[in-house]
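First chain A sits with chain B, and in the next complex the same chain sits with chain C.
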Partner chain A sequence: MKSKFGSKRKEGLLFTLPALIYMLALIGYSLIYNIILSFKNMNVRTFKGGNSVFVGLDNYIELFKDPVFLMVLKNTFIFTIACLAIQFTFGLIFALLFSKKFPLSGVIRGLLLVSYMLPMSVSGLLWRNMYGLDGVFNTILMSLGIIRQPIEWIVSTKTALLSLIITNSWIGIPFNMLLMTTGLTNISKDVYEAAEVDGATKWKKFRYITAPLLKPAALSSVMLVFIYTFRAFDLMFIMTGGGPLHSTDVLGTLSYSYSFTQYKFSLGAATAVVLFAILFVVGLIYLHLTTKEEAS
Partner chain B sequence: MQTNQLNEKLKRESRKEKRKDFILMLIALGIVVIMLFPVYWMAITSVKSDHEIFAKVLTFIPKDITFEPWLVQFRDRNFLYSLRNSIVIAFTAMTLSLSLGITAAYGLGKYKLPFHNSILLVFLVTQMMPSSLLLTPLYLFFARTSLLNTFLAPAMAIATNSIPFIIITLRPYFMSVPKSLDEAARIDGSSAFRSFIQIVIPAVKTGVITVMVISFLHGWNDLVYSMTFNVEATMRPLTANIHKFMDQYGMKWNNIMAYGMILAIPVLTSFVFLQKHIIGGVTSGAVKE
Partner chain C sequence: MRKLAMLLIALTLTMTVLVGCAKKDPVTDDKGNQSGTNSNVDDKENTEKVTLQLWHYISQGDLDDFEKIIDDFNTSQDRIEVVPTYVSRDDLTKQYTMGAISGELPDIGEADSPDFASFIELGVFEDITDMVNEWGEIDQFYEGPLSTVKDAEGRIYGLPHNSNSLLMFYNKDMLEDAGYTEAPKTWAELEEVAAKVTTSDTYGFSIAAAANETTTFHFYPWLYSTEETISSLDSEGAIGALEFLTNMLNNGYMSKEVINWGNGDVKEAFAAGKVAMMINGTWQVPSLREADLGFEWGVAEIPIDKQLATTIGGEDFGIGAGTKHKEEAFEFLAYMMNAQNNADFCEAGGKIPVRKDAMELKEVWSTDPIISVFAESLDYAIARGPHAEWPSISKAIQEAVHASFLGEKTPEVAMKEAADKVNAIINE
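Moving on to the complex of A and B:
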């Protein structure tokens, strides 16, 4: 019997190990190599010559002394937090709306998901067109009399990051709606019925039932969306290339341009490590929250 | 008399309910009109004539519909090879991800493994890795192994996104397959692997189709890996050649939007047919078991 159990375990491992080894080989290797690289002076010259050496914390010191890097770090946080706030608010409102059953609610909810499903690069192209100086947004806003002068959207340093926040929120709202819908359906109907018997108002029901019971699901989806948004790349690359004047540059695009347009591999690696370190902390909180939720 | 009054009251209530439903529906329709306007804009721009594109006044309903901007693409050699590359990269990434991901999902769903939770955690954590972390090490690795400018290089990197996704999505499906089903096949003398292929996989067909479609889309939508590892335009998929085509078309936004529409087609069609499953799949990465 015991040997049978042992062979079963072996069987299970045989199914699982290839994927595990693959992931550890690619991701584990990348992670370790990236960290090592960030302490060296690898650029296109030292890579070809094979004579890169360890330079300690030099790359990190260079980064944190560089006003461009500090601005990019700030951009990344502003972008992520603004997107989170907008997406979470609208995601929750939409989820609450569609938790009611009304004619066509299923179809309409499904249609809403299209903006999330579109490839990022397509959304980037599309919004780049709509943000044009004589594009559709300026045309609508001017004909409604909301603005007199066309807004420069993605070509002005003042509005470029905001424009990308709007676009990314448009993409992310349906995803947040789905996450919140899952959270809402997990709240038992009995609780509401009991409250109704006690004569609770709508606001009271939201305040004292929905909000507290939704909190764990809401928290973990905020963390998850933070992780997805903080590593943004595609949208910036297609719409602005990080410009104008780094105003839409984020850690992902900066790391790319260090490594692959300036061929400063070590500086790019150090930037990626900073990005990873921040995600790692948030990821730990996320895992802590979800496992706690599971336990309760 | 009493029952009549009660009926009246119930009728009034239900009329009130109906009116409330109607208002909710109007609000929802308003939201969807605003949210989908950009997609509508892309669709109509892609069928406008050059003349209309360059006219001073923007039109919200195209005056005359022409499919020329779409046809232009299919006469363009650059477009055709980019399309082929998109398809090949997506299929390679999908095949690689499915063969590793489905088996691992089964292993973790059906067996109790040593370090079971740690293994699961590895997959959960790797799913959150930023692509920036992989770019430089893998670029240098592919440079040494002469895999730059091949379809395998981006596919291998894309699979690191899809594999954890497949495992997290499919594992609950395998957990719900009754043990008797699998064991019956074993008694007949089938090996574990054969019963997995012939009995278990067909039993979780919907789950497998969902992860198949989504991992294909992962590959189809990829931008960063393909553009980093494949510098040659002839080896790049549609996504990574966008800037090249924007230069080529200049201000001809009808052509650019047609390009975007074609790029969006796989997503939109699979969405129409598999909406329910995809919705489940999209959030399953986020929801713990």
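Moving on to the complex of A and C:
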């Protein structure tokens, strides 16, 4: 019995080996390089001739003392959590809605996917124009008499992050809807039929059947979206460049700006490592939750 | 074991985050376009001919004129073949920094002149001082543009390619309707005219202040007109310059959106009649002339506080560090930058030559009513840097201008903070 278990484990390891080698060779290398870089002082001055030296935690200390970095960290969390909440809620609502058959439901569901299929650069430029002071949103809102002064969407530090949250949610809702739809179709119809026989109401069916059976799918959806949103870069890069005044800067754009605009390579690497560390912790939590799920 | 497995899976889930920061192979990174790096593949097939990779960001409008020079060079001899590849400016900067680590650099590459000093420091370009001296034509190059390709010791790492400067474009029809036959000459006059021509759907005035080098490029003329400099940003004059521009914005003469506007966006607004007076560069002249705007426009010096001032911009070309064909690459550079080619390219693309003898070849720079004003402005134009840490200096200025424009800080506080940052770098 014991030996059988042992050979099975070996077998399992063998199966993961190709993926592991692939990861280590292609991703592990740059990951480790990046972490090492974050403990050096490599910048435009020390780059040539390898004059950079190890400076311990100096870069991390500098980052966490810098109000800009702290603000960017806050932005990243606000952006991610807000987008996640909106996308998940609407994704679930749409998935439930389109699980019912009604005229044109297939067509409308297909059309909803358009926002997800557009390249980020196209969506970004589109929304940049729509957010203009005399753009379509302000024009509509003003002609309806809802506002008197145009809203300074991505021009003001107060509304810029909110504007990007709206845009990113618009892009991400269909993806969430797809994930939720897959989860819903995996729930057997028999369960609902049995519940109906027992006289369950609609709410009770959602509360005691849909919700618990959807939990694994919902959990992975939340995880995927969290990771995907937390490392956001292109939307900010296209729409605001992280501005005005860092109000839409996130860890991804800040790291890029340090490395490729200011040539402060080690600071950029340290920023990326912080980004990675946070996602790593999130990944661990996810695994903890799913293994608990499987066990029960 | 279980914990280890969990760690590994968690790593897998999150690892990909950092891949974006890792180096990429430019060949696959380049939208499927053929591209390459110091490639010597052709050498094996044909021992005679050397292939040189050239990376540039010359835009569509000027591309034909640029490629014609390369074609002429390729057909003029049978030893060297130059292959140009377009890489967007942002990507190019990224490729140079990564190439400096990996050694994957083009044989010849273009860079924005204020960035060149950083690239020299990063070791992106070869020292070509000896070849330049042997060539014997460097005396023909203007000192301003030439300074951008030199390091602190005066070694030369490239050749300037073209120059431009900022001036004020104004809508003659709008100004005449408001009773002005001439463009404003001083800050006070500018404010007065801007107030008169601003309407509910037209801004009187605009600079470009997108959150990158653009803002610094546009702030320089106002700063230097007060007779202050980059090392006196906390002076009364420097603060006054930012105060003046901030007032133009707060009074509604300039759009709040300028903080997102690049030079191209401002030109579009001007062409659409939404801006009556704009600060913009030499290179906008050909497209404005070709367009059917429906109004008359002219170009004038930027209104002054104490003295005439503008910023010089332009592009440089260098030879990629580690190339196996330094001699051949320089042979092409020297050909591309001979007086005739420099004059031809600059005339077609609305740019100012970097060579004195190129300037003398054509009359356009002295007789054309618009281009000549730009050419003359180079006499007093100020260059940014050169400084290896220019991007950090520039960022401090950008943030000060934006903080003041957005009302987050007073011009005084913003400029004093910028001064602290800039002085710390300059006095290092």
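Throughout what follows, the second predicted complex is superposed on the first by the 263 of 296 C-alpha atoms of A that agree within 3 Å, B and C clash if a C-alpha of one lies under 4 Å from a C-alpha of the other, contacts with A are read in each partner's own complex, and residues count from 1 in each chain.
Keep this in mind: a residue touches a chain if its C-beta (ideal position, glycine included) is under 8 Å from a C-beta of that chain, and two chains touch if they have at least 3 such contacts.
This is a predicted model, so every value here is computed, not measured.
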Combined model on chain A: chain C and chain B, fit or clash: clash
Touched partner set for A:K48, first chain B, second chain C, both or neither: second
Which of chain B and chain C A:T261 touches, first, second, both or neither: second
Chain B versus chain C, judged by how many residues of chain A each one touches: B
Partner chain(s) touched by A:I238 [first = chain B, second = chain C, both, neither]: first
Chain B versus chain C as contact partner of A:L144, first or second or both or neither: neither
Chain B versus chain C as contact partner of A:E152, first or second or both or neither: second
Chain B versus chain C as contact partner of A:L133, first or second or both or neither: second
Touched partner set for A:A269, first chain B, second chain C, both or neither: both
Contacts of A:L31 with chain B and chain C, given as first, second, both or neither: both
Partner chain in contact with A:F15 - chain B first, chain C second, else both or neither: first
Contact residues common to both interfaces of chain A (with chain B and with chain C): 9, 16, 19-20, 23, 26-27, 29-31, 33-34, 47, 227, 231, 233, 252, 255, 259-260, 265, 268-269, 272-273, 275-276, 279, 283, 286-287, 291
Touching residues (chain side chain B, partner chain A) in the complex: 21-22, 24-25, 27-29, 31-32, 35-36, 38-39, 41-42, 45, 58, 100-101, 103-104, 106-108, 110-114, 119, 121-126, 128-141, 156-157, 159-160, 163-164, 167, 192, 196, 220-221, 223-224, 228, 239, 242-243, 246, 253, 256-257, 259-260, 263-264, 267-268, 271, 275, 278-279, 282-283, 286-289
Residues of chain A touching chain C in the complex: 9, 16, 19-20, 23, 26-31, 33-34, 44-45, 47-49, 128, 132-133, 152, 154-157, 223, 227, 231, 233, 240-245, 252, 255, 259-265, 268-269, 272-273, 275-276, 279-280, 282-284, 286-288, 291
Chain A residues touching chain B - in the complex, by the definition given at the top: 8-9, 11-20, 22-24, 26-27, 29-31, 33-34, 37, 47, 94, 97-98, 100-105, 108-127, 129-130, 134-136, 139, 170, 173-175, 178-179, 182, 220-221, 224, 227, 230-231, 233-234, 237-238, 251-252, 255-256, 259-260, 265, 268-269, 271-273, 275-276, 279, 283, 286-287, 290-291, 293-294
Chain C to chain A touching residues, read off their complex: 1, 6-23, 93-94, 97, 100, 118, 121-123, 210-212, 255-257, 259-260, 388-389, 391-392, 395, 399, 402-403, 406, 408
